[in-house]
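Chains here go by letter, A, B and C, matching the order in which they are written, and residues are numbered from 1 within each.
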C-alpha cells in the first residue's frame, strides 16, 4: 500500500475499443462465404442426385444424361465450355469454403483459450463440422478421380471414359468403394443438415415464419439427397443394377 | 431531554437555497439564474462522478456530452451493474396524457403527501417538471418502454397514488433504464469525454480550502490507494439499506462514500428515514444471503390477506373466503392494497407479529392473484409480471398462478442521505449528490416508482445545470496538486484505517459484526421504534463498534483483491452510521412516514406527526473530535414550508 | 446435504491456477450456488484461510455480476438461470461440484473465480449506444412503436451482460451478446437511425476479442435472460445489411 502520484502511477482507466480494424478477412464475411458456397454445393448436390437417379432408367438414358451434361447450353455456348465454367465455379467455391472453414476453425480454437469446454449438450453435428468437412473433402477428390478423371487405382479397372453407367456400376461393385461411399453419405447428412440450418443465421434471416419454412425445406432436401445417393451403391451391391 | 443532550448537540437553521417564489416556479427561475460555462472552457473543468447508477451514469454522460472532463469511478467491473438495475416496477412521470386527472401539481401532492411532509416541496416540483422529459430521453437512448397497441406509451398505477403515471418495461424497468444510461455513459467513454475507472472504491473525500476537490480510491484489484483531484465531486453512490444486513439491496451496496463525505463535513439528512418495502420474499433459511424484492406493481393485481384466525395453518386454498382477512382493504377502503409502502409494511408486520403470519416460519402474508387471473386471464397477468412470477417460483418452488405468493416487509430504500440544497450541493461546496445517496424528494417515505425518476432527474436534468453554475467562477483555478497536504492526509488516513483493520488481530470476521448490527437495528429501529429500544440500540452499537477495532479478523493482505477487507471497511462505517440512525430516530420525537415512534401514535397505531416542532429536515454534522460537544453529532435543521400542498394528516382510509 | 467442492484458486492473472478441494457438510437444498460459496467462505475464514474470491451483487438475477462455471456449465446445471438462481437441489447428496471461473480467452482471470469481462463493454462502447444528447429527444408519445416491436425489443434488451454465452461457447464467441444489442437497438425509433454504423463498429470490435460463431447453440441454453438464437442471426443480418447499405442508418 503505497501512495503514488497521478503522473507516475495513474488510476487505471477502462480500455477503449480498438482503433484498428479486426483481423482480415472479417469473420462475418468468412461465415457468409461459407453459407453461400455451402448453399451452392447443396444445390449442386440436389441436381446431381436427381441426375444420378437416372441410373435406374438404364444405361442408355444415363449415358445420354451424362453426355447432355458435357454439352450443356450447346449451341449457345460451344463444346464443353459451360461444363468448364461450371467446374471452375465449383472448384473456386470449394477452395473458398475450405479456406474460410480453416480460418474460422483456427480463430475459434484461439478464442476459446487454454480451457477447452468439454461438457456440451447439443449439436454434435456443429462441433464435428471440421471433421465431416475434411472427410467429405477427401471423398470429393476421390470421387472426381474415380468417376470423372478415371485415374487408377481410384477408378475401377474397367473404367472407360464416356461410359458413365458402366463406370458407375463397376466402381460400386467394389465393396470397399460402396462402403466408403455409404459412410460418406451418412457424414454428408450431418454436414448438410447443420450447414443448411446454419445458413439462416449466417445470412441473417430473423423472421420466424421464414426460419420455420427454411428448416423444413432444408431437412427434406438433406434427407432426399442422402437417401437418393445412398440407394445407388446399395442397388449395385444387391444386384439390382448391373 | 437531558438524556438526548448527552447524545447530540442542536445546531442552527440551515438554508436550502430554494428561490423565494412559488415552488412551482422555483426550478425555472433557478435555471435562469445559473451561471454558464462557455463551451470552449468546459474541457478545462474536471468533475469526478462516483457511482454509475441512474444518477451517476446520467450526470457523467450529460456533463460529458456538454464537454466537461469527467472522471467516473465505479466499484463494479462495468457501469451497467449499478444497483439501479434491480428496480422492477416502473418510473413515474406526470405526463398526464390520459383523462385520469393527473398533472404535475397532483404528482407533487402525491409525492409530498406520500413523504408525509418531510421532503422539500420545490424539489418535488422539479422532480415532476423534469420527469416529463426523462421518459422522452430514456426512450430515445434505448429503453424500450411498454407500448399500447396504438403505439403510445403504456402506463400503470402504483402504490400511494390514484392515477396511472408509471411507465414500465415489464418487471425490469430499472434494468432497461440502467442499461440505457450506462450505454450513454459508454458513448462518452468511447468519445474520450468521460474516463471510466472501474473496480475502484471511493474511501475518502478530499476537502481543501473549504471545497470538495477530489477523492481517495482503493484499486480493488491491486490494492493501491490513490487520489484524484477535480474541480467538483458528484456522489451518486446509492442508499445505505444494507446497514440492516439483509435487505433487498445488492450485496455490494454500501454507505462508505457518503459516510466518509459526512466525516469530511457533509451534513447527513434524516438518517432514520429508511423505507421498509412491503412486498419482499420472506426469509426461507439462514443461508439466504439477502431478501429479494417483489415489485410493488404486483399490488395492482394482487390482494393481500392473512388468515382471520391467528395460527391458522391450513393451505391457502383450504381457507374459505369468509375466513380470510384482506386487512389492507378492510382498514383502508379508499386505497386498499395500494396504500403507500410504509403503511403497507407496518400493517403486514403487525399481522405477522400478532401471530397471523403464514408459511413455514410464519413470517409472511399472502399476495393473491386469483381474482385478477379470473378477471383478466392468465395471459394478461403473465405479460405484466412474467419475470416476477418466474423469480418467485424459482425462489420458493411454488407457482403463483396456483398458490398465492408469500410476502414480507424488508428494508429497501433510504430516504435519508447526504443533505443537499436545492442545487443538489451538500454543505461542502463543490460536493454534489444525485439519486438515493441524497435526500429531498421523498421526505419520510418514498412513493413507488419515484426512485428511478429521482435518479434520472438528478443525473440528467439537475446536476448538468447546477454543477456548471458552481464551476463558472472557478475558471482558471488549477487542479489541486496531489502533493497538497489535504490530499496526502486523506490518503494517509485511508491507509491507516486499512492497516488498522488488517492488523486488528481479532477473531470475528467482519460479516458477523454486520449481522449483529443488522439484528440490533432490525429489532429497535425498523418499522416501529421506541425511545427505550433506541437507547439500548445506541449502547449496543457503541459496544459493538469498540469491539470491532480490536476484535475484527480480516484475512489476507491489503495489496491485492481482498473482499474481506472491502467488507470490513464498509462494516466499520455502518457501525458509525448505525448509531447516527438511532440518535436521529430518538431525536425526532414524532412519527412521520417510515419513522413510526410508538410513543407518537394514535390509539389505532397510525403515525402522529408533530408539525409544530418537526416540519423540518434534520441535517447532522459529524461530531467534533474535541472541545465543546466532543463526540456528539450536531443536529442542524432546515425548516420546511409547504405552499402548494398544505400540511394535513395523511389519510388513506 | 454433504458436497465436495473443487474450487479454482488463482492468486493473480499471471499466476498458475489450481483446484482445491473442500467439504461442505451442511449444504441445504434451497441454497444457491453463490450461497454455497458463501458457506464455504465462512468455513475458510473461520479457519483463518483466505476466502474464495467470487463476484455477485444483486442476487436477483438481473445485474449480471455473478458468473461461475459449475461442473463445466456456466452458472450451473439448470438452463437459462444465473448462478444466484441455481439451487443445490439440482445436485445429489455427496456429489462433487467443480466450480471454476467463466472460461474464454476474452475473459482473463483476475483472481480465483473473478474474470475480466470488460471486453463485452468495449463492444458496447464501439457502437451499442444511441447518439442522442440529454434533453434533445422529442416527445416519446409522438414516436409510435408497435406493441409487438416494443415487446420484441425487450426480449433482446433483457440481456444482463453476464458473459455466460461467451463462456458456454466452445469458440469463445460473443455473438449472442452482440446480436441481442443489435437486435434491440434496431427495433427502437432512435436506434434505427444508426443501424449501419453501429453494426460495422460493434461487429468489428467483437471480432477483435471474441471468436466466430459455429452455431453450436450452447449459449442459448446458458443465457439467464433467455435471449433467443435469432440474436445470432441478427448479428449477420445487421452486418450484411451494413455491407450493402453503406450509409449510417
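The rule we apply is simple: a residue touches a chain if its C-beta (ideal position, glycine included) is under 8 Å from a C-beta of that chain, and two chains touch if they have at least 3 such contacts.
The structure presented is a predicted model; accordingly, all values stated were derived computationally and were not measured.
Here C is the chain whose Cα centre lies closest to the centre of all protein Cα atoms. Pairs A-B and B-C differ in how many C-beta pairs touch across them, and the larger number is found at B-C.
Centre-to-centre spacing of chain A and chain C amounts to 33 Å, using the average Cα coordinate of each chain.
Our note on geometry: chain A versus chain B, Cα centroid distance of 60 Å, whole angstroms.
A separation of 27 Å divides the Cα centre of chain B from that of chain C. Those residues of chain B in touch with two or more other chains are numbered 189-190, 198. Within chain A, contacts with two or more other chains are made by residues 14, 16-17. Listed for chain C are residues 118, 121, 125-126, each touching two or more other chains. Chain C makes touch with chain A in their complex at residues 71-73, 100, 103-107, 118, 121-123, 125-126, 167-173, 183, 201, 203-205, 207-208, 210-218, 221, 229-230, 232-241. Chain C contributes residues 11-12, 28, 30-32, 34-35, 38-39, 42, 45-46, 48-51, 53, 55-65, 81, 85, 87, 110-111, 114, 116-118, 120-121, 124-126, 128-141, 143-147, 149-151, 153-154, 157-158, 160-161, 184-185, 187-191 to its touches with chain B in the complex. On chain B, the positions that touch chain A within their shared complex are 189-190, 192, 195-198, 200, 217, 219, 223-229, 482-483, 488, 491-492, 495, 498-499, 558-559.
The touching residues of chain B, when paired with chain C in their complex, are 58, 61-62, 65, 76-81, 83, 85-86, 95, 97, 133, 135-137, 139-153, 169-170, 172, 174-176, 179-180, 183-184, 186-187, 189-190, 198, 221, 250-252, 284-285, 287-290, 292-293, 391, 394-395, 460-461, 464, 509, 511, 553, 555-556, 560-564.
By the touch criterion stated above, chain A contacts chain B in their complex at residues 1-6, 9-14, 16-17.
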